[in-house]
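Lettered A, B, C and D in written order, each chain numbered from 1.
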Amino acid sequence: MTSLPDKTASIEAAIAAVPDGATIMVGGFGVPGTPFTLLRELLRQGQTGLTLIKNDANETGMGLDHLIAAGRVRKLIATHIGLNAHAIAAMNEGRLEVEFCAQGILAERIRAGGAGLPAILTDIGLDTELAAGKQRVEVEGRPLLVETALRADAALIHADRADRFGNLAYVATARNFNPLMAMAARLVIAETETLLPLGGLPPDAVETPGVFVDRICPLTEISEEYGVVRR
Amino acid sequence: MTSLPDKTASIEAAIAAVPDGATIMVGGFGVPGTPFTLLRELLRQGQTGLTLIKNDANETGMGLDHLIAAGRVRKLIATHIGLNAHAIAAMNEGRLEVEFCAQGILAERIRAGGAGLPAILTDIGLDTELAAGKQRVEVEGRPLLVETALRADAALIHADRADRFGNLAYVATARNFNPLMAMAARLVIAETETLLPLGGLPPDAVETPGVFVDRICPLTEISEEYGVVRR
Amino acid sequence: MSDDKTPDPRRRMVARAAREIAPGMVVNLGIGLPTQVVDHLPAGFPVCLHTENGMAGIGPTLPAAEADRNLIDAGGAYVSPIPGSAYFDSAVSFALVRSGRLDLTMLGAFEVAETGDLANWKIPGRFSPGAGGAIELAQKARRVVVLTTHTDRKGNPKLLARCTLPLTATAHVARIFTDLAVVDITPGGFALRELARGITAREVQEATGAPLALPAGDIPTF
Amino acid sequence: MSDDKTPDPRRRMVARAAREIAPGMVVNLGIGLPTQVVDHLPAGFPVCLHTENGMAGIGPTLPAAEADRNLIDAGGAYVSPIPGSAYFDSAVSFALVRSGRLDLTMLGAFEVAETGDLANWKIPGRFSPGAGGAIELAQKARRVVVLTTHTDRKGNPKLLARCTLPLTATAHVARIFTDLAVVDITPGGFALRELARGITAREVQEATGAPLALPAGDIPTF
């Protein structure tokens, strides 16, 4: 009988493999599923010139916002940054390039990257300014947009539970973009609230197969950032 | 607080909504995940001129083979029919039209149908005869094949557990094409080994959201066809 | 709870919109006024509420003290499950929208054109946070209805012959619920269907930036 | 268990192929001879075995009496999980293959060309059951190796200058393990790397349908 390798790593070592100028996918939709601890370490280590791909820019003072405020982010690919006034200001002042996608198309572009598909064809946004500059093709008489796949140098993922091989499970709406991004990067780093031994996650309960995951980092603390936001 | 509707139906009534000439997706890879009871009822009711989409043609004397033997199948879209000599003979004699897809591309075409994407672009099979007759487009200097989405009039799904709203969960390798097909048809009919009350399937354990499912049919018996094949 | 009797015209508009939801529908309620529609459904009403960030079967919104930190809707409100809820990823969430499984979406609007065009995501130079899921909701829900005040804060009409702002989707809005009226988009343009209590057809026409076809006979009120 | 000492050349070929698997790899073993490779890995060897029908981390094959009716590999054998196994759907299964997460696949062959072209799914008029997952495995695994007898049942070479049968993929085979030799595909064509015990380079060349470059010095045996 064969066995499965152990991919546990320290957060420091895992993030140290992310270079300056990297394109990084970051899980999460708002707070749930955002890998706040991995983002903190990225801030601490100082990588810069980054292209980030995330649904949103978190809220001011949280998660992605730290990296934007520190000037580490060259470009952000996102769907909606309305809860982060800093990000909007940085965009308006030209300090941050922002590429907006329709939300489900961002999901599909990432999924296509993870599925080894170079592109998908869609009619979403065909009549909107989001179609500007995109290649069009006609299929069976229908005009369609080519939406190219997204892949990243690294993906930062937040899991609820994981085993040492990197099999991941998420919880509630903290799932969102995480399982898609966890398939679409050369280096997939997942932080997990609970680390289980091999066999601790039943094979039917795995939401991201460990085959896609490179480093699994157990969290020692769930910081305030993960908590309920009191507005 | 709102509630979720009950979609349980008898197998007879569910299958009666499938007309002659329908295009039908059928879950399963070999035995696991094949909806043998729904297929039996389709055989009994006599719908004909069918186009079936399934990974394989089952083995002789099982599942899909009954429909092929009875002359009900006009066309089969599949990846491999090597375990069914009847199907191969019917194909060779021109009694059955067979369209072969690369297995992962069949999965992606079905998924695209379920995801509301008209087509995907891929380089899979570009140098093979499977590319014959398919539209090609160039994206960023790369030649790619257009693989159009598949949708069906009906999908026949086998679930391990389901609740009355149609939330589904599968087991082991009986998952295969089922969750993909369960999103890609106008009428999605799922048979289930166990029917649970609403709330019986935890929201994180749902593999096919009930939103995609139209009829949920509890099985009263697991017939021999579902068993271990002794070769 | 039904609020058809409330004197607040916005509440009456929301209560009227709630009657647009038929039993068994799958519905996405946009951020803002549309989210309030759920408060006007009878208890136990059979409807599956969808939110873009990955949930079908949304239960009651919870105060911070009772909230699950991992369970929000697309607007960031803390919500709860009901028996039969399901969680899924962002790709599945929009698969549902694009593949025709979303029966109805109710959206806010900056502008709606008599052709059914909708602008609700960008005001160049002033407001451009990104469209989020709005484009797919507006383009792919089986039925798209808008909830909006009939005019903006300055009293300018939001129902226009043509939108002036960047579009969310073209020709998909079927019906508009406002504090003054229920207006349908027809091949001939805007058609008045119902009036808010105390409002006249003439007042609605004056607040509308394009011609408004009137029904023959009495106009129902809400 | 290592079978390098067995007198059966096919078993020795399979045992040799097993040494191609490095610790930590994700590997897909094709139906037939390749499946037997797993029997030649040391106990506890760290490798993740993938099967197209939706499993990573394949454990031992089970006899019918112990089998789980819902757990097979792509060849229909009843298999079992190991600690850390995962099940997934057919789309995820090939996402893994196409996106570069499959380090190695070992496939059977009807013909392999000196250019690395592979034909292993169709013999027109005689055998055309469909390619299953072979096209994606052959086109997208990071390393594609072939296990095959050096010649067919009639003694005709299977290693050729050009394939005559419909192709599975072009230019992706890196190495071929046969009952006679280990042969690499190089920019210059076939290159002999190792010989089965008791076989000469000349015998391998005679059984090969294209020129075979010989290494300088002694040729290792297996």
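Just so we're on the same page, contacts are C-beta pairs under 8 Å (C-beta built on N, C-alpha and C of every residue); 3 or more make two chains touch, one makes a residue touch a chain.
Here the structure is a predicted model, which is why all the values come from computation and not from measurement.
When the C-beta contacts at B-D and at A-D are tallied, the pair with the greater total is B-D.
Using the mean of the Cα atoms as each chain's centre, the chain most removed from chain D is C. Chain A and chain C have CA centres that are 30 Å apart.
Here the CA centre of chain B is 35 Å from the CA centre of chain C. Taken residue by residue, chain D touches two or more other chains at 55, 87-88, 91, 94-95, 97-98, 140, whereas all remaining positions touch fewer.
Touching two or more other chains at once are residues 108, 115, 117, 123, 171-172, 203-204 of chain A.
In summary, the structure contains touching chain pairs A-B, A-C, A-D, B-C, B-D.
Those residues of chain A that touch chain C in the shared complex are 29-33, 55, 78-83, 88, 91, 98, 100, 102-108, 110-111, 123-125, 127-130, 160, 171-180, 226-230. The residues of chain B lying in touch with chain A in their complex are 108, 112, 115, 117-123, 135, 137, 139-140, 142, 144, 146, 148, 169-172, 203-205.
Residues 1-5, 113-117, 163-165, 167, 183-184, 197-199, 201, 203-204, 206, 209-212 of chain B are the ones that touch chain C when the two sit in their complex.
Chain D meets chain B in the complex at residues 51-55, 64, 67-74, 76, 78, 87-91, 93-95, 97-98, 122, 128-133, 135-136, 139-140, 166-170.
Residues of chain C that touch chain B in their complex: 23-24, 26, 38, 41, 43-50, 55-60, 81-88, 91-92, 94-101, 140.
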